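The structure under discussion is supplied below as structure tokens; questions concerning it will follow.
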Amino acid sequence: MLDDLNEKCAVVGVFGNDEASKMAFLALHAQQHRGQEAAGISSADGVKLHLIKNRGLVTKVFNEDDLENTLVGRSAIGHTRYSTAGDDSILDAQPVFARYNRGEMAIVHNGNLTNAAEVRADLIEKGAIFQTYMDTENLIHLIAKNKQAKLLDRIIESVKTIQGAFSLVFLSRKKMFAMRDAHGFRPLSLGKLGDGYIVASETCAFDIVGAEFIRDVEPGELLIFEDGKEPQSIKVLEPTPKHCIFEYVYFARPDSNVFGQNVYEMRKNMGKALAHEKPVEGDLVIPVPDGGVPAAIGYAQESGIPFEMGIMRNHYIGRTFIEPTQEIRDLKVKMKLSPVTSMIKGKRVIVIDDSIVRGTTSMRIIRMLKEAGAAEVHMRISSPPTTDPCYYGVDTPDKDKLIASSRTCDEICEYIGADSLSFLSNDALLKSVNSDSDKYCTACFTGEYIV
Amino acid sequence: MLDDLNEKCAVVGVFGNDEASKMAFLALHAQQHRGQEAAGISSADGVKLHLIKNRGLVTKVFNEDDLENTLVGRSAIGHTRYSTAGDDSILDAQPVFARYNRGEMAIVHNGNLTNAAEVRADLIEKGAIFQTYMDTENLIHLIAKNKQAKLLDRIIESVKTIQGAFSLVFLSRKKMFAMRDAHGFRPLSLGKLGDGYIVASETCAFDIVGAEFIRDVEPGELLIFEDGKEPQSIKVLEPTPKHCIFEYVYFARPDSNVFGQNVYEMRKNMGKALAHEKPVEGDLVIPVPDGGVPAAIGYAQESGIPFEMGIMRNHYIGRTFIEPTQEIRDLKVKMKLSPVTSMIKGKRVIVIDDSIVRGTTSMRIIRMLKEAGAAEVHMRISSPPTTDPCYYGVDTPDKDKLIASSRTCDEICEYIGADSLSFLSNDALLKSVNSDSDKYCTACFTGEYIV
Amino acid sequence: MLDDLNEKCAVVGVFGNDEASKMAFLALHAQQHRGQEAAGISSADGVKLHLIKNRGLVTKVFNEDDLENTLVGRSAIGHTRYSTAGDDSILDAQPVFARYNRGEMAIVHNGNLTNAAEVRADLIEKGAIFQTYMDTENLIHLIAKNKQAKLLDRIIESVKTIQGAFSLVFLSRKKMFAMRDAHGFRPLSLGKLGDGYIVASETCAFDIVGAEFIRDVEPGELLIFEDGKEPQSIKVLEPTPKHCIFEYVYFARPDSNVFGQNVYEMRKNMGKALAHEKPVEGDLVIPVPDGGVPAAIGYAQESGIPFEMGIMRNHYIGRTFIEPTQEIRDLKVKMKLSPVTSMIKGKRVIVIDDSIVRGTTSMRIIRMLKEAGAAEVHMRISSPPTTDPCYYGVDTPDKDKLIASSRTCDEICEYIGADSLSFLSNDALLKSVNSDSDKYCTACFTGEYIV
Amino acid sequence: MLDDLNEKCAVVGVFGNDEASKMAFLALHAQQHRGQEAAGISSADGVKLHLIKNRGLVTKVFNEDDLENTLVGRSAIGHTRYSTAGDDSILDAQPVFARYNRGEMAIVHNGNLTNAAEVRADLIEKGAIFQTYMDTENLIHLIAKNKQAKLLDRIIESVKTIQGAFSLVFLSRKKMFAMRDAHGFRPLSLGKLGDGYIVASETCAFDIVGAEFIRDVEPGELLIFEDGKEPQSIKVLEPTPKHCIFEYVYFARPDSNVFGQNVYEMRKNMGKALAHEKPVEGDLVIPVPDGGVPAAIGYAQESGIPFEMGIMRNHYIGRTFIEPTQEIRDLKVKMKLSPVTSMIKGKRVIVIDDSIVRGTTSMRIIRMLKEAGAAEVHMRISSPPTTDPCYYGVDTPDKDKLIASSRTCDEICEYIGADSLSFLSNDALLKSVNSDSDKYCTACFTGEYIV
């Protein structure tokens, strides 16, 4: 799919570690695929919070001096962000930080609040002042304005008033809190890191720092981290799981476990199901890298057709883009992907990708394969047609930009120039992830949003 | 004096100009001497505010694309900042921006609020949430929380509750407001720029954009800029002028007029008064560049002793500083200043500087002149001993770091190694700026703060 | 293998194209894997040569303005370089440029001259002056000093006096020349680009610009490119092919064809041969990415054991490396590679890599897999033990750093902690690339260097 | 004059100092005004030369690590360069470095060789190969090709074949040589630095490192620096002094002594002579900063008309230049210079500048002063009309760009819009520097070049 959809964020929280901000840094680095535009870490030393955030990759935003001398303390939370370009993008980095009548607080948030506009309007009506465009800023106001004496109670009452997708980590001077919405849209896992703890969007963050996976933070659960105590759990919201199935389809790293299952395996299952449900004769199964690799392996294993890495990915893509005036067709895609021509020539190629969003990239890939001499190109997609935008934390184009919102499978096939095109059915997708239809959100495929 | 004291900011506001943000950029560039750490501009296009701010010099923070395509609209306000290093320095750049129940607003502020802590505590007590350490953020909350229907009234009531030094410019979607505290601590002037208007800390900002000086914004006055109207004036606070005399002594650019008088002339007057009040026999009068130049010219003219540029300033000072292990004495000063040895050798030199803060720089300069062969070095300072810190917008060291807070003139003379040392008296200073003792704040020399 | 060996360079030459330098830029970008330290392009406009070279990736060294306004002309040659750090690394970028008694010339070179020291000593003895450490500079002197009247003849006589590996492209004001050593150690292919021509180290450079592969430049062949003519061919050296087999094993991009065969296919053949020659029982075949992928696919297809991408590669590796004081074992490898734990747990894993150089990386990968729960780890290497350094253009460690130079296969197996270890035999390797033992240089495996 | 003419270089050599490269760095920093485009240092450790050079200011080209770990050894030579933009500007930085049949050598050069083209043609004819456009490269070839056994003799014979302006420092593995052309066009002074020695273009370089001035290197003299010995002197060329008088007029730093006299004093003398020779009635004498300051002081002292700093210089000029579409007249000059309006208004102003090159800058300054309200503006130039280009090391525009080459003083006066304009006569200039007409080169004023 190559960047047509973007996960909005990754979060991490480290509690009770002498090098909390370094651990947070490494955890963010491992989760860089979830957001490359901005990064930030806030740490707490028991007396005060510290904060550094800026635009850029994790390795660019922080240097060793920042981590050692500014972001001091035994707890830290961090965030990477995919942010749309524009006026306020510098200001919209996270953590969101606030000083208010009960102290200081920093928040990181993966997800999207569906009632943010109303809550914000209401808060503004009551006198709140917003300094950014981030929905996450709402939470600061809700917690600060809440009348409860204890921070814990204020957090609890506040999260009850927000809707949508939220995997949150809160940092105060002495405590850390982790919370997941009732549907558990976005992943959030708990691990043991030395004598302390870590929470992160994906378990790949645990592997890099040598943390041990304990369990997922449950939908609707709030975890409280306090010095010298086990993390306490409070069921704040009634859990009604609706995990984002696109985490399995595309977002999460294959080596992560999210929602209790390994991502790579789920993708392989999808590939197998696809081979079963939408078989086609062919000589080779090749993935669109990197997203389509596990599904293609699954497809090949199930179909018995050989798997090949028929398309190479160039990892030296820099920012500068030189456009020759004498047009080189599909140059943008060609700078990223290139076919192994000798292998493809004269072959009936089954190309596996995770999804089709706008259709343009698929069209270019197919054209590239045909120019490389493929006899036939059959595209198989390991998810259903993406027909509807996401309101739960994915940066989707508007509905009218989604090719599947207005075109049939045949029309898309014609548009992209494939010899055949099939998508995995929603039922088969759900079966691939070992689920009944209730446990996952598939709104982007079905338009059936949770109210 | 060479950087021992630092003005905290410059502000600018441009209203009714097709290239408002470019005019603001040029005006900030002309005022760069008032703050080199961060810069920001917010513009309004009638519908929405736009904002870019970051660390660095004006020419680094903004590029042409920013000014043309992001900071669009016919009004703009800007800020340059001297900021102490630390955690939140990126966040503490101005303009401060807010979205609240009546719309959007951006504020720039030159000065320092003396009751900021109490006001903030009170606001926080009432539920306000602060996202930065800047006292300027108080104003956003005061204005937003105010019950008055009109923005104008909210601003008026709000500024009545803050104390200290403030030259402010507010930008809303359609209007701009400029306000100065009752004492008029910091300068703020009004100019005509084409069909529109400009306000700026110093008139040197008018010269660069070709604006015509109209008058100063009066102490306690609020100016309202609205499309198709002359600026309206409201006397919000009873004016009791206490202009910062250090603007004349050191901060403002010599080509600027502040508080109705030309800075260069005031400095020359101080030099003349110094020659009259604290004469000394000598062969040459030389300034410590650049601050001491006009006073030295005045001193020379009054005393009849020849003026010479006996110390050169190197303008290629970069960030990198290489310290040889085999010590070169006073290298740091020598990289900035160097004596014209052949002229100084064997001469009785009268060195003119604007002030002595810590004393270390003076000591090094005198040692450098003695090493260059000066027979005698007589230091004359065109202001009284700096004995007390400023609470009105100057970044002064703590009182115990001010050499004059605990030492007599003779003791300082001995410390810096001069053959003689004299300061201009406070009375003579006030006379130099054509004033009685009431119109200016001289707290840094007298310890007599306005309550 | 992950960066233990490094190809030293890629070259490109474009002749007869209105955007010659842009085509060269794109071709270098596609060949960036052959050298990331420095890059340069020289163009000719018929009257004069132009040159830009510097340290850094291709996208950093050149901007659009350089390509459009400085590197003008219808022919251009380019180079990317892997260079050892040190004093003169900036100076040692290519193209090498010279002005001499017959005009101007620029040269790019992939390879290594084995008699460079003697030739240089001789040239210096005769009065030549060298301004860099590059062996390529020899050629400039040889050509310039040669008595022949025609440049062509001077080039011919000069290349006859150098030994070793060289794929060269020369640019004069009006012509371009491409030459390959008699053994054809390094690849160099000829393509048609619009009405003009292109030569490049790898054919992946042709694909990006839409050029059509014609044939390889033959060992010992010199091609002359002149306006309005077909490229002329001269057999300068008697061809005795000894192609670098490591191009197939590791260096070249899988989608390139080098030495007349597709790299991906050769690697798959090696994997198949490995499965046949060194079988082992296992549950999964997984590659060390990216180098081991095609061989692992081949191994899996031949053995019938499932292929899985059991190790993920993180592509966001930046320059900054934060080392926590509380040691995280193998952090450096973990930041690049991570296992799909759930898939590996309890499994007998067959890991395929292209080669073992120092052994350290292999040791870390195996430890990582064991920590992820692998029941057994069997390492299979798709090339023989690397026992000897390369003198033909590969940056190999000294012989005593090559683990296989002093240890048996069993000893290496113990060192890296694998349950079993096998290498592909040299004979099987040669068979995999469809060759008798004469056509390829396998000196790094056998120590049998061409004299 | 503001940058219309540019000195091409500064050189430094340090011999016998444990921190030779750091001393060279500081000396280059002090001489940064002689070239801002590129910088380089080469050091020798007895066995090998080391070299770092690149584009940019001295503080940007070198970092502490370079000076401590790469540029090791007890001797070092350095260079700053003003270089015209273009293809090869990176390559054309100095030191020029070479390896040849007798060892290694690095050279730095301030000046310009007038027979460079012929010498180069001859060298090329004989087979030499040039890798840059710098005339300095000639020397490398001459020395290397020379048949003498000793380096000293080769240097001596070589410098006898070159003509023009050259202040040179040579570095070999164990020795250093300093040489000045027979006319002594460019300055070069010798100082004692600890137990070792330093040579530099200007004595301001001695002051920063605490070196003691010994004497100038004499025209035609070669100094040899060798371990454990006093510097040896050889008269290589018959001295016929023709010092560049423009060093006094504009190039050198006022605190430097060049050609045995202090620059500041010479400029004051010119100002005094100007007041005497070209008097005019006026209220104020103001300099065009910084170049015109000492002459203006001299003019004021001689005429009795008060000296004032009536034009301020802004030192925050960055690279970015924002051009508003609605033109602000003379913005480029206004960003650098601004008048003290209140002082100038209604006054008859005598403006002192060092020279007029193109005339455009003078025109803008005068327009700026008139717009500031000056009643009259009388321009006085402390040197004669610049009518002819320099061939001895100054980057002058072509003759037809020199306004004085084709216009009379009255015509220039009309062009620049002054009320009167006068230049110092050549005789008076020579008298100001205490010389008969023979000792200085005034070719740029007279067109009388030394053959």
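Note that the chains take the letters A, B, C and D in the order they are written out, and that residue 1 is the start of every chain.
Quick note on the criterion: a residue touches a chain if its C-beta (ideal position, glycine included) is under 8 Å from a C-beta of that chain, and two chains touch if they have at least 3 such contacts.
Source: prediction; values computed, not measured.
Colleague: Provide the labels of all chains in contact with chain B and in contact with chain C.
Modeller: Both chain B and chain C are touched by A, D, going by the contact rule given at the top.
Colleague: Report the chain whose mean Cα position is at the greatest distance from that of chain D.
Modeller: A
Colleague: When contacts are scored as defined above, which chain pair ends up with more C-beta pairs, B-D or A-B?
Modeller: B-D
Colleague: What whole-Å value do you get for the distance between chain A and chain D if each is reduced to the mean of its CA atoms?
Modeller: Chain A and chain D have C-alpha centres separated by 60 Å.
Colleague: Based only on mean CA positions, could you tell me how far chain A sits from chain B in angstrom?
Modeller: Centre separation, chain A to chain B: 47 Å.
Colleague: So, what's the distance in Å between the C-alpha centres of chain D and chain B?
Modeller: Measuring from centre to centre gives 36 Å for this pair.
Colleague: Which residues does chain D have that touch at least 2 chains other than itself?
Modeller: Counting only residues that touch two or more other chains, chain D contributes none.
Colleague: Give the pairs of chains that touch; include all such pairs.
Modeller: Contacting pairs: A-B, A-C, B-D, C-D.
Colleague: Spell out the residues on chain D that touch chain B in their complex, using ranges where they run on.
Modeller: Residue positions touching the partner: 18-19, 22-23, 25-26, 29-30, 32-33, 36, 57-60, 62-64, 67, 194, 204, 207-210, 253-255, 257, 262, 264-265, 293-294, 297, 301, 306-309, 312, 314-316, 318-320, 322, 324-326, 328-329, 331, 334-335, 338-343.
Colleague: Under the touch definition given earlier, write down the residues of chain D that touch chain C in their complex.
Modeller: Against chain C, chain D makes touches at 50-54, 70, 87-88, 90-91, 96-101, 124-131, 133, 140-141, 144-145.
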